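Each structure below is given as structure tokens.
Paired with chain B in one complex and with chain C in the other, chain A is shared by the two complexes that follow.
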Partner chain A sequence: MDIFTVALLLSTLRLATPVALIALGETFSERAGIINVGVEGTATLGALVVALISFYTRSPWLALFAALVAGGLAGALHALWCIRWRANHVVSGIGINILVGGLAMFITGAVWGWRGTSPSAPTLNPWIIVIAGFVIICVAQVYLFRTRWGLRLRVVGEKPEAADTAGVNVHLTQYFYTILNGVLCGLAGAFFFNNLGRFTFGMVGGRGFIGIAAMVIGNYSPLGGLGAALLFGFVDALQMRLQAHIPNQFSIMLPYLLTVVVLAAFIRRANVPAALGRHYVKQ
Partner chain B sequence: MRKLLVLLAVMVFATAMAVAHPKIGLILATGGLGDLSFNDQGFKGAMDAATVIAEQYGVTPQAVLDYVEPTSIAEYEGFQLQFADSGDYDVIICIGFDQASALETVAPQYPEQRFVIVDMVVIGDNIASVITNDWESAFLCGVTAGMMTETRRIGFLGGMEIPLIVRFLQGYTQGALWANPDMSEADVVARYVGDWANPTLGAELSREMYNAGVDIIYGAAGKSHLGVFAAAEENPNWWALGTDVDQALTAPEHADVIIASGLKRVDLAVEAEILQVVDGTWEPGIRSYGIATEFGFGTGIAIGPEDINEYVRASASEVEVPCSVIVKLAEAARGIADGSIEIIID
Partner chain C sequence: MRQRLRGWLGTALVRETGLTLLAVALAFAVGTLIIWAAGFSISAVFTNLWRGAFGNRISLGQTLTQATPIIFTSLSFLIAFRCGLFNIGAEGQLYVGAMAAAVVGTVLRVPAWLGVPLCLAAGGLAGAFWGWIPGLLKARRGVNEFVTTMMLSYVAIELTNFLVAPRGPLHDRTAWSNQTVRIATTAMLPRIMRPTQVSMALVIAGIAAIVVWYFLFRTPSGYELRSVGQSPAAAEYGGIRTPRKIVLALTLAGFLAGLGGAGEVLGTHYRFIAGFSPGYGWDGIAGGLIARAHPVAAVFAGLLMGALRAGGMQVQRARAAPGDIATVLQGLVIFFIIAPMLIRRLLIWKRRRN
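Our next item is the complex of A and B:
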């Protein structure tokens, strides 16, 4: 079949990368016990900031760095709410999504006069982020399961009391990995921008939430999340080609349908961290 | 007592003089001014009409036209009520389809107030609905694509497969086949994003079409359409067509790949509506604007460096277009106007 081409492979990688990065970030924070459904908004914020900085400084590298910082700040905000002020994790995450939505409209309107869209700005080759993403995910896999810091992280999410007794600073660990989650979402946002050359509100298009699903399907492991993201990316790339053969109303649905079906199959087998969503209070 | 009466009479007279000129209320869509598209066009049309009125009555256009820029859909109803309740306006123009549900609530409460809604149909005794024959612009884009394609395969990117968008595709296909008899319907490839604001997917679908041998892509997919331009930049043999406004102007960094853009002349339609109100010929109902309508304007194409006629307008595109294409477009527009070309739509 002429459908299975190199172009399909490249398309799959482009579509999978942001999902895989967000899945990795969420893996880190949920392994530390912090749910963050604000990843969608955090990635949008990353894409907005990278566009803003790239537009003004004409330096895509500086813009990339700024996106990571912005993502980290959004992560820090979430961490403050969830850890310091013991807010419901999901509510805080939804708050971030709504906040970024308003912010994106306001900033694009105030800066460029178009609500929700930026003009073009200098970009990096998006493949740099694709390759970097794959390297980061492989390193993370080793880090999480083969190093003592990875072990400490896992213990914090499973049994924070035990980690505390063993001398691990539970809250510091949670802050660190929630911020890291934000940084990775910022990187995913930067990919969206560099892939297109401009910011538009809606360009993340639900890929943050798909990233959370990919993390669950991948059973809270970096490589598993990557696998699930690749599957999603592949089906999304495939459906574009299938539109020539089957009604588009059905093909557009395929990647999402697949996500729901696979998620339903895997969610019972997932090793959900035992202390996920709990507020740890030191006795 | 008499002095008081005279004073009163003078005041009444002065007030009457002050409100004697018609006033227009304009409620823009949430995109706001500066969008180089719908809102700016609607504003230009209202301003042009206001200028005409202002000259007649010896006032400034600013005195004739009041406008507001709502920032969210939730604000439409408030502004519509505020404008209608003041009773100051001869007509209230609502730009954008998403004002429809607010207007359905507000308009019946003010039966004496005239409303115009652009790009959507709302039925009411005091409402005129302005729509455009988008398929005519799509036909002209199809003519351009049919003549300029070197692979004899052209693409179309739709937001969703809904009647409005299917009509774009029908016009586009018929235009291409009319201009290039070597092409068949199978040479027009259509893909749908399923989303109006996701250029990431728009770009991915465009790459897919380009890789499958298409060399020009037109579309009607809202912001997702921006993805076509980004994808077209990746290969010197890939080209794009814009939609509704001259997108070589609104996305100048892509002026090197945008050959032409279909036009939706909201400005002309809005101006015409206001002037009908002023001269007393305005009636409620559904009014179509386009080449093959009673008005004879409302659609067209932006291509080449200069205005050729009412339909073939200048573009900021940097792409060289052969004269034969321009000539053919003028011929197509003439054909649509005199009925010798009939575009068949569902």
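Our next item is the complex of A and C:
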């Protein structure tokens, strides 16, 4: 078949990047014990903010920075709700998804008069984000398993009482990594914008949830998440080339169906942080 | 008298309702700030929001029409939530339910007393099947149900899209839009508030709420389901087979959402139309949470969500602001609802100041 080409390989790398970044972000926050299913909405927010700032300032670099800040703020909101107000983690994440969904439609409607889309705006070469993403993931792998800060992070998610006794500030750690998760999702969102050249509602299209799935399949390690993301990137790239051959609804369906199948087939629960989703109350 | 009043005020029902209303009020306050910051007229937005939801008979009909599927999806969300699970795929379950009802509704040639229940059953069962898969995966393999329900929701939407697309097998060749042919008259649910689209589906939604309440709070199986939600370990220790309850909860959640989809086809559109739901599945999450997972309260939460949708349409029509302000308000309500500690803190702060 002529569809297996270098171009397919390159688009695999491209399409895997946002999923891998979200998987990495989720790895950080879940290792600290905070589940965040709001990654989908956080990435959407990143894509929206990058479009807004790039449109008005014509500076894609400034826009990228703004997307990271916006993602971090969404992470901070989630952290505040989960840690300070002891909200259920999953529900707070769903709240972010719904709120951002509404805001994205509201803001595009208010600013450009088109509900759910932005006009095109200056972009960066998406390969910058792809390469940066791969570097970040490799550094994160070393950081998580070979440094003392990585160890502290893992202990917070595993046994917060022990971390506390050892002098680690549990809540501060959780805030930090949940915000970091938001920043990484913002970067993923910036990728979506720079890849397409404008914002459209639904451009993230479940890639946030697929990122969570990639983290689970990758067994809570940055490189593992990258491996799973590459698989999804490949299917995504393949799916786009299949559209000429099968009804496009089936090709669109493929990554989602694959996620369910792969999750069911390869799920390992060895590394699930023991204190995941718990509210740690200092004695 | 005062004692009695104080006792009444202290009841869980009043306290919960009070906290909920306060959360809704706070959400509207923040929403007002957003409207103001975006440069729209606050009074124009809220006048139109109210007018669109309750202004006259037509608007009220629109509110009730929008509320009907949302009550179903709210029940769908909360029944899984009571078992400690997150069904965020009600949207997809709604679509497969609607499709099944439309198919049965077009091919069956039986009297209405039989046709309508058969179509409803078909819709419910299709949705139940869509909920059963994630349930089984959760119970057997421990797969996160919020990822699988969401993924299967996308699959359901694309699958039904395919069936009614121009090259699909169920496409109505006489129509420009992607839809099935009209269902048989005998499969239609009667309209109960002409000239609006409010149908018997609303009544069925109310009955479903009562049945779900009875199931959850008055049957052993419902008690066990809630026990699993409260503490899976304790439930297991008490002899409850947790995996079975997980499958049951998600299957029932799918059934309820599927029933909602069937109601849309049999009562509102009389056919399956691609993309007919503007996000009723998501509204159900907000509805279930606002109802604090109580089935009877879900009826009121569904009405609130329906009113927001109907109001949002009017806001859009009157060009007061983008109608999506309704979704923004919905998201804000969720944040204030799930943080009772925040509300309590605000109350204490107020009391201290007094």
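Definition applied: the second predicted complex is superposed on the first by the 269 of 283 C-alpha atoms of A that agree within 3 Å, B and C clash if a C-alpha of one lies under 4 Å from a C-alpha of the other, contacts with A are read in each partner's own complex, and residues count from 1 in each chain.
One rule holds for everything that comes next: contacts are C-beta pairs under 8 Å (C-beta built on N, C-alpha and C of every residue); 3 or more make two chains touch, one makes a residue touch a chain.
Since the structure is predicted, the reported quantities are computational estimates derived from the model, not experimental observations.
K.L.:
Using the superposition on chain A, tell me whether chain B and chain C clash or fit.
P.N.:
Partners clash after overlay.
K.L.:
Answer with first, second, both or neither: which of chain B and chain C does A:Leu15 touch in the superposed model?
P.N.:
first
K.L.:
Just to be sure I read the superposition right, which of the two partners does A:Leu257 touch: chain B = first, chain C = second, or both, or neither?
P.N.:
second
K.L.:
Return first, second, both or neither, reflecting whether A:Val37 touches chain B, chain C, both chains, or no partner chain.
P.N.:
The second partner, chain C, only.
K.L.:
Looking at the overlay, does A:Ala244 come into contact with chain B only (first), chain C only (second), both, or neither?
P.N.:
Once the two structures are laid over each other on A, A:Ala244 reaches chain B alone.
K.L.:
Now for A:Gly95: first (chain B), second (chain C), both, or neither, which partner does it touch?
P.N.:
second
K.L.:
Quick check on the superposed pair: does A:Trp114 touch chain B, chain C, both, or neither? Answer first, second, both or neither.
P.N.:
Touch status of A:Trp114: first partner only.
K.L.:
So, A:Gly197: does it touch chain B (first), chain C (second), both, or neither?
P.N.:
first
K.L.:
In the superposed arrangement, which partner chain does A:Thr178 touch: chain B (first), chain C (second), both, or neither?
P.N.:
A:Thr178 sits against neither chain B nor chain C.
K.L.:
Between chain C and chain B, which one touches more residues of chain A when both complexes sit on the common chain A?
P.N.:
Of the two chains, more chain A residues are contacted by C.
K.L.:
Check whether A:Ala7 is in contact with chain B, with chain C, with both or with neither, and answer first, second, both or neither.
P.N.:
Once the two structures are laid over each other on A, A:Ala7 reaches chain B alone.
K.L.:
Check each of 77-85, 185-193, 311-319 or 329-337 in chain B against chain C and return the one that clashes.
P.N.:
Clashes occur only in 77-85.
K.L.:
So which positions on chain A get touched by both chain B and chain C?
P.N.:
105, 109, 115, 205, 249, 252
K.L.:
How about chain A: which of its residues touch chain C in the complex?
P.N.:
Chain A residues touching chain C: 37, 81, 84-88, 90-92, 94-96, 98-103, 105-107, 109-110, 115, 205-206, 209-210, 212-213, 216, 247, 249-250, 252-253, 256-257, 259-260, 263-264, 267, 269.
K.L.:
Spell out the part of chain A that touches chain B in their complex, as residue ranges.
P.N.:
5, 7, 11, 14-15, 105, 109, 113-117, 119-120, 192, 195-198, 200-205, 236-237, 240-241, 243-244, 248-249, 252
K.L.:
Inside the complex, what are the residues of chain C that reach chain A?
P.N.:
Answer in residue numbers: 34, 38-40, 86, 88, 133, 137, 141-144, 146-148, 150-152, 154-155, 158-159, 161-162, 165, 167-168, 279, 282, 285-286, 289, 321-322, 324-332, 334-335, 338-339, 341-342.
K.L.:
Using the touch rule from the top, collect the residues of chain B that touch chain A in their complex.
P.N.:
30-36, 71, 161, 189-201, 203-205, 207-208, 211, 223, 226-227, 230, 233, 251, 253-254
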